[in-house]
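Next up, some structures in structure tokens.
Presented sequentially are two complexes of chain A, the first with chain B as partner and the second with chain C.
Our next item is the complex of A and B:
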């Protein structure tokens, strides 16, 4: 069963790279990163995936030629279906469009991916660090960030 | 009366602009009404919030990075510290993710015990949330009722697991130890007390004029907004969406239990509290069914990839010794692959997105903490509300910082 990729094949065939299923037979669709906004619109408006559950950033350092991957988990409340959308980002400048206008839940999820993995989200109004502090250097979840590295403790900042 | 006071009086009567300035106020990061190290800065016009922005990260301990550098078993104690109000549910959620990845099937007894402890955790989580939420808006009595029985449940869980807060009770493939004899009798007594307390609290607040005025139409989250912001669990159900993973994507044979999903109408603070109170009753129904069907048998799977062999076997056979050595020294090595495993935790959908590269360390674990998305929306929800209501709303969202910050 690959309902999402079948539909995308009909409407946005250029966006699609391939589709597969995970262990629980949930559909995984791999798309071109530049097509994300179009795919998200189709998912929300035509296929009823009205909820963005989570965004996961994965660093495949040395294991893949293009190391940065982003994973979107969508859920449809009406039909109780799920789909995973994946895209591979550029090594030099890992950047992808922000989903914040289509899915407001993307706000903090994208900030976290920026903070932890250094992905850039075009169109995000406030792409700032979320869990780490502003002066923090580097992105801790990248595989080349040493786990025992320490950095100076920050001071309280103004939010407004 | 002086001239100044007279002028002031006229200004107030005629509603003239008295040149009051907007005030910026910090809520948190360390304040008793802000449960945990959260910080929201609000801009006030009088007592009305005109702008707000939140910040998290004070309790960030790089759970995900630590997990990547630990074995699969070593992650279990870390999960205790996610939602520390109902730590057992994180234990179960994480172990379920690894088991899903490895296609491990649990024995019947382990499944029923996991359901039972999850529902007990849901009860204490809701008791804490409701109790502290109501005490924040001025009703202290309910706090004693809820925390009194919560203590009883804690004592019970301590007798099962050996710990009061950070249980680490589950193992990949089962549980660390069986229930003690006489547990079901103790549980029956505790359930009776919980039922009484929940009944008392419901009677005290449900039609209480002050309580209703403080919570009705406060912090309304519409159905559409709740879905768009990624709300799950009681907060989503309070907004009128009948969504519960236990019903829609049942795991651990939840489809065989008889229970209802309470749903709210307005999506306000009142609904969120009432949904939680009713969920406690429904959890007790599930626990009673668990008690009735509690099967006998093993609490660990027989799968040799995750189960430590019996001591007898380790000492007397080379296979047993090697098996023991492999699990202790090399850990558990799930096959290459990925899984997104979710459970219905007390706060909503607790998801573990797990990637294995076939080695003894998880390649990537991404947790989906349910309250992360609720608190992300908090700054939008409180705009236009009164300052005192912001505290009531925060309590009803039940933000647990251990979980949102990881």
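Our next item is the complex of A and C:
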């Protein structure tokens, strides 16, 4: 049972790299990163995946040639179905289109992926750090960030 | 009141006690510490045990827990302090009136604990001065009480609890 990739095969066959099902028969679809916006539109408008649950960023470091991967988790509230979309990003400049115009929920998730992993999201209106402070240098969840590296203690920002 | 008090029994009987001003002030300070709990993680749960009946911090005069730094003189930092939290902690400390004391309760507040990573301050003494460090993850309530003890003997060197450095000299 692979309804999502079957549908994508018909409408957007160029976007698809591969699809598989995990142990709980949930579909995982691997796509070309350039096709993300097209795929997301189809998911939302034709397949009823109206909710973006989360975005995850993976750094495979030496275990893969293309080390950066991004994972989108979608949910269809009517049919109670889930689908996982994955894409591999460029080593030098991990960059992909922002989903913000299709799924507004992507806003902070993408900022977090930028903050922690240094992914770039084209079209994001405010791609700034979400968790670390502004003076922080580097992206701490990248596997080559030194685990015991310390940075200067931030100063208090006035809220008002 | 304290070993140094003298009673001029000839004239006043036992109605007057003489001592030195600094001794009276320190006596008052050390026996009425007003703690402000700065609890950010699991160690703060242990503080609840410390103040409630079984361990009863009020036996040592420190039961009047304040939730405003302006009304307290003992800052109890209990829990993990991360880098973004550090300037907030410093501001809270600066808002307290002198004299003031700080206890770092638990491994996290003392040294970062096992959070040896990019986000956690490696001990609150990077941003504020600390008087007593309490080891443990979390420390038992007795250890928190012991920290109060230690602080009392620091405030008044002649304190009766476990002597102070000058306890015998006086």
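As a convention for this text, the second predicted complex is superposed on the first by the 155 of 160 C-alpha atoms of A that agree within 3 Å, B and C clash if a C-alpha of one lies under 4 Å from a C-alpha of the other, contacts with A are read in each partner's own complex, and residues count from 1 in each chain.
Here is the rule we use: a residue touches a chain if its C-beta (ideal position, glycine included) is under 8 Å from a C-beta of that chain, and two chains touch if they have at least 3 such contacts.
Predicted model, so just to flag it, every value in this text is computed and none were measured.
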Which of chain B and chain C A:3 touches, first, second, both or neither = neither
Is A:123 touching the first partner chain B, the second partner chain C, both, or neither of them?
-> neither
In the superposed model, does chain B or chain C contact more residues of chain A?
-> B
Touched partner set for A:133, first chain B, second chain C, both or neither = both
Partner chain(s) touched by A:147 [first = chain B, second = chain C, both, neither] = both
Counting only touches as set out at the top, which of chain B and chain C does A:51 meet: first, second, both, neither?
-> first
Once the two structures are fitted together, what part of chain A is touched by chain B and by chain C alike?
-> 132-133, 140, 145, 147
Flag every residue of chain B that touches chain A in the complex, lowest number first.
-> 24, 39-41, 43, 51, 53-57, 60, 62, 64-66, 69, 100-101, 103, 227-230, 241, 243, 248-249, 337-340, 349, 351, 353, 355, 357, 364, 366, 368, 372-373, 376-377, 405-406
Seen from chain A, its contact residues with chain C in the complex are 132-133, 140, 145, 147-151, 153-156
In their shared complex, chain B is touched by residues of chain A numbered 22-24, 26, 50-54, 56-59, 63, 71, 73, 77, 80, 82, 84, 103-105, 107-109, 116, 129-133, 140-141, 145, 147, 158-160
Any idea which chain C residues touch chain A in the complex?
-> 83-84, 86-88, 90-91, 116-119, 121-122, 126-127
